[in-house]
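Each structure below appears as structure tokens.
Here come two complexes built around subunit A, the first alongside subunit B, the second alongside subunit C.
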Partner chain A sequence: MGLLAARRDLLIGLAITAALVVTLLATDEDAALVIGVTTGSAYGLVALGLVLVYKSSGVFNFAQGEFGTVALYVLYLLDFEVGYWWAFAGALVAAGLFGFVTERLVVRPLFDAPRVTLLVATAGVALLAIAVEIWFGSAQGKPIAKAFERVDRVTVLGVQVSDQRLWLIATVVVLAVLLGLFFTRTNLGLAIIAASQEPTATELVGISVRRLSAFTWVLAALLGGLAALIAVPDGGSFGPGIMTSTYLIPAFTGAVLGGMTSLPGAFLGGVLVGIIQSVATSAPLFEDIPGTPSTLVVFVVLLAVLVVRPQGLLGKRA
Partner chain B sequence: MTVDERADAREGQSGERQRPFRPSPAGWVARAVVLAGVAWLVLVFPLSRPATELVDFTTAVCYAIVALSLNVLVGYVGQISLGHQAFVGIGAFTSAYLMTVHGHSFWVGVVGAAAVGGAQALVLGGVSLRVRGLYFALVTLSYGLVAEQNIFQIQELTGGGAGRPAPKPDWFDTEWRYYFLCLAFLALVLYVDWRLMRSKSGRALLAVRENPRVAATLGIDVRLATLFAFVLSGTFAGLAGALIASNDTFVSPNVWNFNLALVFVIMTVVGGLRSRTGLVIGGALFALLPYLIEQIPGLDDLLADIPAPRDLTPELAPLVLGPLLLLLNLTVLPGGIGQQLRPFVRWLGGRRFDPRDRGLKEVPISDARA
Partner chain C sequence: MTRRALAVAVAVATLAAACGQKAGVSGSAADDGAADTIVTVAPTVASLPPASVPPSAAPSVPVTSPATGAVSTPATEPPATTTPPVGPYQPGPNDTAGVTDTEIVIGVHAPVTGASPIPQESFDIGKDVYWRFLADSAPDRLYGRTVRVVFRDDEFNPQRAVQVCREMVEQDGAFLLVGGAGADQITACAQYADENGIPYLSAGVNEEGLADLDTYFATTVTYAEQAPLIIARLQELGITEAGLVVADTPSFGDAFVAIKEAAAAAGFGIPYEQRINKDASPAEAATVVQALKDAGLGAVILLTSPVVYVLGLAASAANQSYAPVWIGPGITSGLNAVTAIGCPNVETGEFFSPVPGLDVIDELDPDFNAAYPTYAGGAPADDVGLQLWALNKVLAQMLEATGPELGRAAFMNTLVTSPGFDNGIYPPVRFSVDDHFGGTGAHLLDANCDVGQYVTAQRFIPVPS
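And now, the complex of A and B:
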């Protein structure tokens, strides 16, 4: 029964996405669709990390973006010293380490604290990371190298999709599937879900909840690092706090849209937010909104989801 | 008879005397001296300082109001706003707009800013307070971003990227006089806050924070109480914004960003939720950190000695030290400055000095159950 219900929710989500896609194609917003899907994949990747931490620690991790920005700085610095892929690996290690240290020094002491306290603490970690980035680097943007330079290999609906973006989409899809299998098929994954739902009972059957917590934070930090390392170089430059200022809110909106607990939901939500943003940027309907129209549109979507369907498109009612 | 007096009376019963503790004449003198010292620091010391420093002091007073504003929401009803810079910023622009475009006086600007702050909170809270805790924090954060990228870009209101000038009021046109005006507003906010928490509504707010379900069974409309706290918080924030605008005599649209929102939350938590003394000190401390680093001898040299590619400048220091303080605060001293100062404050009020007195047994930072 539960499986059927989950399927039905997934179908609703897919139906909404399909309807949106058809509408966009019908209204000649092809370009917005393609750009939206690629940007949305990056949101989806960040959202996967957010949902992972939410599932295991029950907290909204505002440091998720900065795990990525720190990785970008490491990539930038190491890229001068060693080859690109070594630097890439080093950056991922740095992100994972950051996640581990955050878990040890901040999350663990606040294990029994209210969740909102933990939220303030993760926001503090994010601000500290941004401050240190400004302090050690500078407030100005820096150029960042891409893994794949070629941009004209693939054209979809008249829009060139760069290799870097193809790599992003492939990474996100593969990760979403792998994580989905991990949480339903492996003992470790099931233990993490169990710990998030019933910590006491999980301890009683002999699983160390604290050790699991460290594992999920490292995993989430790695996802945040990957998102930044693959998505940001496509723009060519980065600066302090870039992941927090441009990716975190859309990713959160995507995760909430997907129900905050569903990994495929997070991915789908991220893509939806990407499409909505991209349409809001190009569609004449939103021209009169001052500043950046997409911010306002994403905010309205977030409000609408929370008010009309707080469990999200794919989430289950708590 | 308050709880404290009862406790004192009980203490007396176990000993010889029945009447509660009264300080000796020497004790009163010591308390008067400390109070006079604080009064001197706040009221007399600034008179001898140059105008540029007065601007910093006035900012400290305004930040204290912001800390009190956030405390109404975070400390009393346990909901967190990560977009408070929007309320303060829109307050600043409302005041500047009313003064420079419509030619109204400063007083109209202040009242307008406070009203707009409250109205914003009413609309945003009315729509979004169906959700609480983490989700509400997310909504406010997103709203802060909307303010930054949409509202502050409205040409008519903010003058686009150019910003708007905001003159000081007629008689309070020097930095010194304006400082005392802001102090008066801080006193007003403190008074309103104090009266509120002495009332039935104030206790209702605390009940909502402790446990919304229990509060609901006691006949408290949880959503209405939360909304009320949010509106009051927005009103205070708008007021603070108007004061900050005229203090700087200019409002730029670029300073009201997410970092500032976090600094606001941090100074509130580090100051100590539900402790008026701690909140005022916390707000003032964060506003004055650059000033203090410059003034305290040797401190800037010490910061420059930290091995880093760049010196930790006084402008950057609050951004680095703030989150560090916050994390220490959360993990080691959850009650903040207010809790540490509580024995001294109680002593000043004519009680025994009790270093173990930390208020309630457990003082969680924010007890919202998400």
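And now, the complex of A and C:
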């Protein structure tokens, strides 16, 4: 039964993707398709972290973006001292450490509190992190280096896809698959799911729910860090709160669109948000919408999907 | 019962406080007859010839030719005459709020945090450097008064801007308000100032929402006024058509129309136009850039926040190996903070500015570089400091011209009846009773990533009258 449901969700995802691709190609919005995939992959990577925390603890983590921004600051600082890749590794460690500290100081003391309390607490962590970033490095933007400089190696449907973006897309696809397998095929993954659904029963069979929680938050923070370290340098600079202000809301939307319990769904949702934003900006159909149609259309689509499938495109019904 | 009585008492007290006159705020039109609202400009007053202005108002500020680069003479002696200037503004009960025999309080707001911040440290340092310099070099010029600047961060948020402007007036006792940057915030705060009879000055931004305000004064050319300059510059570069990308905020509506009208008048093509989200997402920015590239446009006329310009459009263009001339009006996109984080992607950027680049300032105002480190605690002179220096310098001329009997009405009467103000850095500033947009020209800045800052491409370009 479960296998059937999984295959049905996969088919739904594939059908939506195919329909979207055909529609965009048929309406001369092929550039929007490529731009949507390249920018939406960043949303998807942030969304992966959001879904990971939600699957394990039922919490919308508003601090997910700032796990990434903190990593950017560390990359910025260390890049001058130890070279790019060591700085990159150091930045990931910093993000993981931030996730660990958040779990220990904020999540764990509120472990038995209502989920809404935890939600507000994570928002507090994000605001605190932004304040510290401003205090530490001023509100001004800072330049940041890319790992890969070349931008014209690959051109798809007339749009250049930079090496940095190719790296991002590859990373998010691989991680979505690996994490999907992790949660369905490994004991640790299954234990995390069990802990989120039946914490008492999980404890009774000898699994430390609190230790699992720390693991999950560190993993989510690493995903947030990875998203920031790969996606943001493409813009050449960053500032305080950039991951929250630029990526968190589209990523949340993508996660809900894809289904808050599905890791491949998070990726698909993120990409869909990117495509919708791009199409709503370029397609003549939306020209007459006053204001900024890209924001409006994203939420109209989200609403439509939730009316038809409240669990999201690939999510499971509660 | 006691608790209920207390609640009623608190409610009554709150209501009473809300109805009462706040310190520094003029009464509204709904107040009694003694309220000090700005008198509507009557045709008879508006048509007063310059000769009706008392001698004290104008002659104290010499207007010099920008071509010579001469700076107005810093008067070390106050003008002999003390008659307040005549004009359409009538003093109200709070006319002299923020002014004592020894001090003038000026409130300044700008975004130093938020979505589009200007450098906080530079702003903090630069906001009163000119006033300190003036207090030392010409202590009598403001009739024995020194200027104290209070500053609030508006966080690039119009609601916050109104809140901080109110605080500066009601808590800090500001005599007048100055908007440092940010069109939406300036518009919001200027409307608050107008409702309360408080003079409000800023560099020129939009005209929509500001043109009808009695107490608002733009010291430099507005975005819309710069439209012909932009088109002329592109034609000078041999470019015949360009894309137009303007942030989708009501404040930029007049500039959007003005640029299209200027282009049409000059036979210049705008084959692609787009109102982009004020906080455009990476996907939106990339889509707009792709459309510009596909249209084969060699130039893009731009009016967005620096964040959208640098992080969104210029970065996306670089990823597409697309390097158009980015050109536009404004102040913030021409700040060196943009080149500091945006180079090399913004190498092809050119923006008009009320002040020239730091590369030529010694020729226009030798005092700036000489005095800045001394009065800025050793901090080096920068372009934000120059913007503030220039604004305060012209403001000092206005205060001086008003005379010793300083009040809000007298100050505004001076602005609208004086023949003009020239600080040697801005193109001359001229207001009239009917026109509070005082800018007459602009400088053109060109991004130079070799030196990591904007350099002056052209100086004192007059706007067509």
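Just so we're on the same page, the second predicted complex is superposed on the first by the 310 of 318 C-alpha atoms of A that agree within 3 Å, B and C clash if a C-alpha of one lies under 4 Å from a C-alpha of the other, contacts with A are read in each partner's own complex, and residues count from 1 in each chain.
Rule of thumb we're sticking to: a contact is a pair of C-beta atoms (placed from the backbone, for glycine too) under 8 Å apart; a residue touches a chain by one contact, two chains touch by 3 or more.
Since the structure is predicted, the reported quantities are computational estimates derived from the model, not experimental observations.
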Based on the superposition on subunit A, does the combination of subunit B and subunit C result in a clash or a fit? clash
Which holds for A:246: it touches subunit B only (first), subunit C only (second), both, or neither? second
A:277 in the overlay: touching subunit B, subunit C, both, or neither? Say first, second, both or neither. second
With the two structures laid over each other on chain A, which partner does A:134 touch: subunit B (first), subunit C (second), both, or neither? both
Who does A:110 touch here: subunit B (first), subunit C (second), both, or neither? first
Partner chain(s) touched by A:142 [first = subunit B, second = subunit C, both, neither]: second
Which of subunit B and subunit C A:236 touches, first, second, both or neither: second
Touching A:310, do we find subunit B (first), subunit C (second), both, or neither? first
Contacts for A:32 in the overlay, against subunit B (first) and subunit C (second): which applies, first, second, both or neither? second
Pick one for A:42: touches subunit B only (first), subunit C only (second), both, or neither. second
Residue overlap on subunit A between the subunit B interface and the subunit C interface 134, 138, 245, 291-292, 295
List the residues on subunit A that touch subunit C in their complex, please. 31-32, 35-36, 38-40, 42, 134, 138-143, 151-152, 158-160, 162, 165, 231, 234-240, 245-246, 250, 273-275, 277-278, 281-282, 291-292, 294-295
Subunit B partner contacts - residues on subunit A that touch it in the complex: 58-60, 62, 105-106, 109-110, 113-117, 119-121, 123-128, 130-132, 134-138, 241, 244-245, 249, 252-253, 256, 289-293, 295-296, 298-299, 302-303, 306-307, 310
Can you list the subunit C residues touching subunit A in their complex? 112-115, 117, 119-121, 248, 274-279, 281-284, 286-288, 290-291, 294, 307, 310-312, 314-315, 318-321, 337, 340-343, 345
Considering only the defined contacts, which subunit B positions touch subunit A in the complex? 78, 80, 82, 127-128, 130-131, 133-135, 137-139, 141-143, 145-146, 148-155, 258-259, 262-263, 265-266, 269, 308-310, 312, 316, 319-320, 322-324, 326-327, 330-331, 334, 364-370
